[in-house]
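Labels run A, B and C following the written order; every chain starts at residue 1.
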């Protein structure tokens, strides 16, 4: 039995040796290059340790003294999230139909997809600063921003759902002589409704999160309150706001998850 | 001759029972009331709202044609943005491994570590990257490092949570088999758990990189490095044609990132 | 020699024990099968031996070592000498056959060698010998999830034999296989037991296979051994005692459960 090999090595992750070494060397070179060229001012960073101490020292204990400001900020965030979800979902439905390959004519399909890609690609904060410049500071810019944000997600997911529908049901109604909108209401809407409700609730939750962020660049809500607190070095108030944001997000995530489970 | 409806003695049909109808009506009423409340009490100047389409049109008109004189600088910063996202993702992936390990019910050493792991995940996930960036800009001063650390802090929670769930969902039978061979705890992890969570590990890392690419484009708006700084500068000086170039560059970057991550996902999984 | 004395296993704090004061001795290199209906405690008995299940009380002695008192590295050292083959194969699907086979040696090699896949030369040669013996040597670099059921169970058998065990436990090794493959695996277990001078303890549902491939049959019913003899002594009467009756009827006449 001595003809059995006594060495073994694991089959490599990438079979082609040239490609394998190219990947290894390329990755190493990239890391070295990034670390060597990244503009970090280490002196300033080392100062940061002391500053971190001061910031955290100033942040404890969190101050809830100006809680009326905090509550107002939050109510505004909730209003922004509600209006943006309503507007965003309303806009998403036609856009989703435009962007579904199986129901939209070709040119309209490309237009729908383009709208979704643009809405998805820009971070809400970028959209927000543009709206702030165009329509002024305040919650209205926030609502517009989150409408765009909602369209990017809801229309995309809904379009995918529409592309998966069972077309036999549509054919059956057409064969029975049903007009266009009746077909829409009887054969397509019932198939996408559960997904639509789930998406709406999910988006409300996600808009609430995002509304805390877009406020930082002036689009209203709790984010504006937080950015102000940071700007005025009120770290104890900033910590209080952050704690409340985290708590609200956790509650909202739990509620939204519960409702979606009940609906689905 | 009797029609079918007469035979069966029923001419009314309704899809929902009265109780269902009442419930549906209630849900609609609550939604409508919520929207009415939000609309009625939100502090907006309605004159601005009606004026906004004209304002938006004006803005886009001023963006055209995009100004490409600074394209070289824009692309250089765009590359820096990619580097921020990539390095931050790489470090976060490594740091999230121990967090996932202690946050998964079946691998965590004891209850205290389980709750520590969960606390780290929740804190990291609930605070948005931009808010982390605000904090780290205050600590480290404006610059790339604040951005990298901010993205790391947010990503650890995301990756750690999904990886922890993957660990909890593994097939436990190979674990049992290796324990029966007399392998040590660490060897069982290396042979029975790690191979099972590898696919999730790669998928989550790629997904987070894609998300981080998007997030790193806005870090500059709070001073934490990347392309956002140029965008902010262009907007503050009302240099809309250059802002348009930056926006197009960001759009191209994000779409490219999505193509690359889709490719990687196909190749690796 | 494996000697089990007065073994009791009770899940949870109250209720009926799964194993009731059980005694069993296995000497020499014989192939022993344990038969009995589902819930008779066959699997629990096997898992008590290598302590995948913690016995409540009693003693299990393998070649002079008391297994029930061990913990930590002593337990791992004892487990190295007890091979186990599972119903569901329990392979790590995403690893190659060689890695699965070598995982039987994990108790013997350092963690560093395990992670870097630097297995000792004699282990690799041994693995190829055993894999060739069961007919899977050409799959060394194949991932386990590419194999058929019978091939996977061969990997499972080789993994257990790599441990260089003093006894082999097999928990329903053929229950997930088709009849033909099932016979091949049973034949393999019997032949390997002879070649390697290894006692084998097999839980099995299929009485025909138990009679054909094993030297001794132990019949279990609700936590007790009620038959223990040569295969040819297993007549219809013994079969009825092992397999008939409902759990309820059995517990009714059981003084332990009546408490």
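In the analysis below, contacts are C-beta pairs under 8 Å (C-beta built on N, C-alpha and C of every residue); 3 or more make two chains touch, one makes a residue touch a chain.
All values reported here derive from a predicted model rather than from experimental measurement.
**Q** Chain contact topology under the given definition, line, ring, star, complete or other?
**A** complete
**Q** If you tally contacting C-beta pairs, which pair wins, A-C or B-C?
**A** B-C
**Q** Roughly how many whole angstrom separate the Cα centroids of chain A and chain B?
**A** Centre separation, chain A to chain B: 5 Å.
**Q** Take the average of all CA coordinates in chain A, do the same for chain C, and state the distance between these two points in whole angstrom.
**A** Chain centroid spacing, chain A to chain C, equals 52 Å.
**Q** Need the CA-centroid distance for the pair chain B / chain C, whole Å please.
**A** So the centroids are 48 Å from each other.
**Q** By the touch rule stated above, which residues of chain C touch at least two different other chains?
**A** Each of 99 in chain C touches at least two other chains.
**Q** Provide the residue numbers of chain B that touch chain C in the complex, in ascending order.
**A** Residue list for chain B touching chain C: 171, 173-174, 176-184, 186-188, 190-192, 195-196, 198-199.
**Q** Enumerate the contact residues on chain A facing chain B in the complex.
**A** 30-31, 34-35, 38-41, 44-45, 47-48, 51-52, 55, 75-76, 78-80, 82-83, 86, 117-118, 121-123, 125-126, 129-130, 133-136, 138-140, 143-144, 209, 212-213, 216-217, 220, 226-227, 230, 242, 245-246, 249-250
**Q** What residues on chain B touch chain A, complex-wise?
**A** 34-35, 37-39, 41-45, 48-49, 51-52, 55-56, 58-59, 80, 83, 86-87, 90, 122-123, 126-128, 130-131, 134-135, 138-141, 143-145, 214-215, 217-218, 221-222, 228, 231-232, 235, 247, 250-251, 254-255
**Q** Could you pull out which chain C residues touch chain B in their complex?
**A** The touching residues are 50, 52, 75-84, 86, 88, 90-95, 99, 103-107, 111, 114-115, 156, 159-160, 163.
**Q** Would you pull the chain C residues touching chain A in the complex into a rising list?
**A** 96, 98-99, 117, 119, 121-122, 124-125, 127-129, 132, 140-141
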